[in-house]
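In the two complexes that follow, subunit A is the common piece, with subunit B as its partner first and subunit C second.
And now, the complex of A and B:
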């Protein structure tokens, strides 16, 4: 089976190379048949990669330990469902996953092409295929998942126990797919530019694929945080680890892009800016992949294949420089249709949002590379970790929250200071009221106060607008409020989908602020029968049971949770010891409520039945995880196509002409 | 224009949210006040646990990649946490404790670069970048708007003449749009915008 996979990889490489060269040559020499043949080659690339993927899956399922990758990442005891995780658990397999996803999305992209993009599609296809070629070549020459061992070991090494978690079923594939999908809007943009189409041709496709990539990255980041929170056993969810940062940066770039592309879609502005933004986002995605594979900074995520570092660094260089060259070559052709009408307008707010997001990305990048700079110039080893990022990014995030509150309230084109005042009056007073109430309650941390106030402003702004819109429909069309609200959202999905995502962002902010400013943490050693009080919880440690499994021993502790003398819940935090890895994985027990999480993790089991526990009370964490589905929902709403363009157009013209600021 | 029309729903929602936030905050305040008051059994008292944790968060675990000692679950970080607490209860200050660890492990034990010497660069560059971003943003917006800060053009006579007609159109369409969240939707300057013929892009707007 594995031979078939190895052969398919080479076939895919040849086909992708053909598709890349053929589409460009066919386009330039004006040979439509060659272009069409190259287009169809994309489907064959996908087919070949499906075969390769299935072949690796088959090797896992049949425990073909002659394949080195299978022997290193699975064993006989591994349940078949973990094949999905084991597949991308290592460097080689994750490369195959990436190539497969990219080929699949490329096939989708060339399958249905909107008319405005047909002319430049060969270039876009070629760019996508060049990226596919890169990954296939790396696999073929440097990290082949189908490499064989000189002998057949009786059993494999087994899957890393940290990966046997629900979060791992989705976090890595979502993040990797998100990084790769960034290539799609990038290819549309660059392809149009090479083809001399410097207008709005690529905007719709770019926006849709940018949103898809964004949604994948956002869910990947949240799932990764959730995984860290439940399994790493320290009660936090974000390290500011170099590779986490590397995933966060393209996410920030894409966030800027999906906002600013709306300005081009609606107003024909920011054309150059959008091209630059998607180049930046793609460059950051390449940087993320580089950091993940032999990057220069130690990280918990490294695949540890240092020989690949240079290859990815070179690819990163090419991926940044080439688009810039094309950009400057085509620079004279790019003109934005409209000028900014006013400093106080939604366009301007979008620009500020973009700049803030890029500032966060830059500062994060700076923090990631500063240790190298220090080593280079002074020879001193320096660490840049959480305290640095908290201090420098904290204010920027507050700024973003502010723009998120104000921006949507501003109309397109222009308004007056008085108009702004009026728009801000209610959300602003609500925010003030919240801050005053919190102050009265004794809350003193300025950061937290500002964050809660801004969160309140964003929320109030959104609900006020929904309420007004629903009321207007209720009055004019007699719909009930719920129906009116649903139709309101259906009528402008990009906008109101965005609002739903904004609410999710506020929820994430609640979780971050609550746990970082008001969390309590205690490390205690308890003997069976001991109890410990944290906040208003009384925790009674009842003892530990050993549960042997084929590949691990579980140490399950029982903790009774009392409040005011009443038993609330019995928690079973776990510590699993894996002899094969000589490592233990913890499974925290979490009692989660919207108000706060009670988090219990056994950090060590001592010889005499005592257990070292870490207890945390993390206020508002619940909101952060609930934000995930909300965010996905909002993204889907924003992505969902309008029912029928013709109908929407007519319906839309009436309000557009009749009011001051079509949203 | 019933800008002050009875909009009880938002008020009700506001109240609910305030109450919810208040409840949450009460819990949080309790935490803040309790910080340091409870101490672990069998451990010497006389130090502020919250301070100890915040020091933990400034020190890297020397053997694990990218983890501070409050996160890391390995023996050496456990011992470092104990040392932090011991030194605190002996009256050492935060800086003394950090210096102690830097003396033993080197400067990279600190989770953030010290704000002195060459390492000041680590902190200055972000600050400069943020200021630069704000300045560039301001300049770009100003250049894009043309002649700097310019108030929205005042309603000219002809546009003002149109206002009643536009309102009539709104009424006929049954779209009570003045109520929508269009800031300045009811002020004359903004109304002037209505008179403008929307550019083609505007035709795609799908409000309401």
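And now, the complex of A and C:
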């Protein structure tokens, strides 16, 4: 089957090249048949990559260890369900996954293109296909997942133990898809620019695909944090690791873009800014792929390290420079339809939000590339650690939370200072009340107090608006409050979908602030029967049992958790040893409640039956993980299409009998 | 045996791809005109949607007390003006597209006549709107007037 996969890859490469060249030549030479032929090539690329993907899956399922990639990332003991994870466990499979996802989304984009974009679609198609060509060429010439070994080993090396986690089923594919999907709004923007359409034609498609990419990246980041929290054994969820940062930065760029594009959609403003923003987001996504797949720096993701760095770096350079050249070429044609009416308006709040997000992105970028720069100029690699990010990005995140609270309270276009005061009065008072209560309870950390206060203001602003909107419908239409609220949201999906996402962000902020400022950590060695007290928990270590498996030995410890002398729960943290990898992987046991997490992880199993444990009490962490589904829900609400009022009115103007009937 | 099947599937994939790609290059039918009309039909809809959305948001913000009475009226008038402008631009584009299409139909018909050596075509100006009209047609494609119709009744 692997031969079929290899053949399909080459066919896909030729087809993608044809689609890229044919689209542009057909458009420039005005040969619609060639454009149409190139459009069909996009579907065929997808077909060829489906065959290639299925071939690799079949190779895994049949344990075809002659294929080097299969031998490296699976073994006979690997359960079939991990085939999905093993598929992208290494560079070659990840590249195939990326190419497949990009081909699939390209086919969808080409199929569902809106009429106003048809004119520039050949350029958009060509850009998407050039990116596909890059990934296929890297696979074909440098990292072919179907390369064969000169011999057939009796068994494979097995899947990396760190990847055998539920989070790994979703975190890498979501992140990689998010990075790749950034190419879609970028291609629409650049395609329109090349085609001379410098207005708002691409805005709807750009917003939708930008939101999809953003949702995938956000979900991927949260799932990755959850994976790190439960498996890496240090009790944290974010390490400011270069690969983590590489996914965070395009997410920040896209966050700025999906806000800013709303201003263009609504007011015809920020046209240049949005083009630049999506270029930045795409450049950061390419940087993410470079860090992730190129493996230039050590990271907790080192299992994905490779020697493709220079190839990805060159592609990153091309992906940043070419759009800039096109931008300056078309610069004289790009003019916004409107000007900013006032600095006290929602548009202005979006602008401030954009600047803060970009500031966080570039601080993170600086911290991430500093090791590379220091290695290049001094020969010594100097790593920038967490305090740098916390000190610089912390205040910026607080600023973002503030804008998130104030922005939605402002109307579009302009308002007066008195209007702002009136809008801020109730949410601001609520925030102040929360801070006073927290001070009374003994909280003294200024950052935490400000963050809780701002979170309260954001939440109060959202619920107040929902209440007022529902009350208005209740009074004018007689709907009950629940129905009125649901219809209010249904009638304003982008706006209120965004509000739901804002609530999720507040929940994430609660988790971050709670665990960062109020967490407690203790490292102790306990013998069976020993007890240890952390906060108001009494933890009793009952002993460890060895559970042998075909590929690992599990050392499962039993910890009884008491509070006020009452048994709350029995936890089973474990440490697994994988002889084939000569490494251990931990599985933390977590007692999670909305108030706090009790986190127990065995850091070392000693010979005399003693175990070194790390115990943590992380307040408010539960909120961070619950934020994930809320965030996805908000994104879906914002994405859910609304009927076009203009189309409905136009249809109403045409007598029913005179409408064209389907052929 | 398996190798031969794999090569065969690969070859079939390649042949299928070539067939799918060459089909549009060898067929004669052009989709240009329907697409042109469709694009004209879509012209401005996105802008109009954006204006309708702005009006709806303005009404919502007015209802929520975020926008005062004066600002509400001022912005509403502004949006109405923009909507009227967009509608006028859209109508102009559609008229242009329809006229262009009519011209192309007339030219094509003339070309057919030249090729056949048949008598001149039966088209002429519509007495109602002045657009091209086939005298054999039941009604004018632009204004729906009957061929015998002499003009609008101003009474």
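The rule we apply is simple: the second predicted complex is superposed on the first by the 624 of 663 C-alpha atoms of A that agree within 3 Å, B and C clash if a C-alpha of one lies under 4 Å from a C-alpha of the other, contacts with A are read in each partner's own complex, and residues count from 1 in each chain.
Here, a residue touches a chain if its C-beta (ideal position, glycine included) is under 8 Å from a C-beta of that chain, and two chains touch if they have at least 3 such contacts.
As the structure is a computational prediction, the values presented were derived from the model and not from experiment.
Peer 1: Considering only touches as defined above, state whether A:36 meets subunit B (first), subunit C (second), both or neither.
Peer 2: Touch status of A:36: second partner only.
Peer 1: Which partner does A:617 reach: the first (subunit B), the second (subunit C), both, or neither?
Peer 2: first
Peer 1: Taking the superposition as given, does A:522 touch the first partner, subunit B, the second, subunit C, both, or neither?
Peer 2: It touches subunit B, and subunit C stays clear.
Peer 1: Looking at A:44, would you say it contacts subunit B, subunit C, both, or neither? Reply first, second, both or neither.
Peer 2: The answer is second: A:44 touches subunit C but not subunit B.
Peer 1: Look at A:116 in the shared chain and tell me whether it touches subunit B only, subunit C only, both, or neither; answer first, second, both or neither.
Peer 2: second
Peer 1: Touching A:4, do we find subunit B (first), subunit C (second), both, or neither?
Peer 2: So A:4 only meets subunit C here.
Peer 1: Between subunit B (first) and subunit C (second), which does A:492 come into contact with in this model arrangement: first, second, both, or neither?
Peer 2: In the superposed model, A:492 contacts both subunit B and subunit C.
Peer 1: Once the structures are superposed on A, label A:125 by its partner contacts, choosing first (subunit B), second (subunit C), both or neither.
Peer 2: Neither: A:125 stays clear of subunit B and subunit C.
Peer 1: Is A:413 touching the first partner subunit B, the second partner subunit C, both, or neither of them?
Peer 2: both
Peer 1: Starting from the residues of subunit A touching subunit B, keep only those that also touch subunit C in the other complex, and list them.
Peer 2: 265-268, 409-411, 413-415, 419, 422-423, 465, 468-469, 472, 491-492, 495, 649, 658
Peer 1: Under the touch definition given earlier, write down the residues of subunit B that touch subunit A in their complex.
Peer 2: Subunit B residues touching subunit A: 7, 9-10, 13-14, 17-18, 21-35, 38, 40-42, 49, 53, 57-58, 60, 64-68, 70-73, 81, 106-113, 118-119, 121-123, 125-127, 129-130, 133-134, 136-137, 140-142, 144-146, 149-152, 166, 169-170, 173-177, 179-185, 187, 189-191, 193-194, 198-199, 201-208.
Peer 1: Which residues, counting only subunit A, touch subunit C once they are in their complex?
Peer 2: 1, 3-4, 7-8, 11, 15, 18, 32-34, 36-37, 40-41, 43-44, 47-48, 51, 114-116, 118-119, 200-201, 203-204, 265-268, 409-415, 419, 422-423, 465, 468-469, 472, 491-492, 495, 644-647, 649-650, 658
Peer 1: Note which residues of subunit C are touching subunit A in the complex, please.
Peer 2: 3, 6-7, 9-10, 13-14, 16-17, 20-25, 27, 30-32, 35, 38-39, 41-50, 52-54, 56-58, 60-61, 63-68, 71, 75, 144
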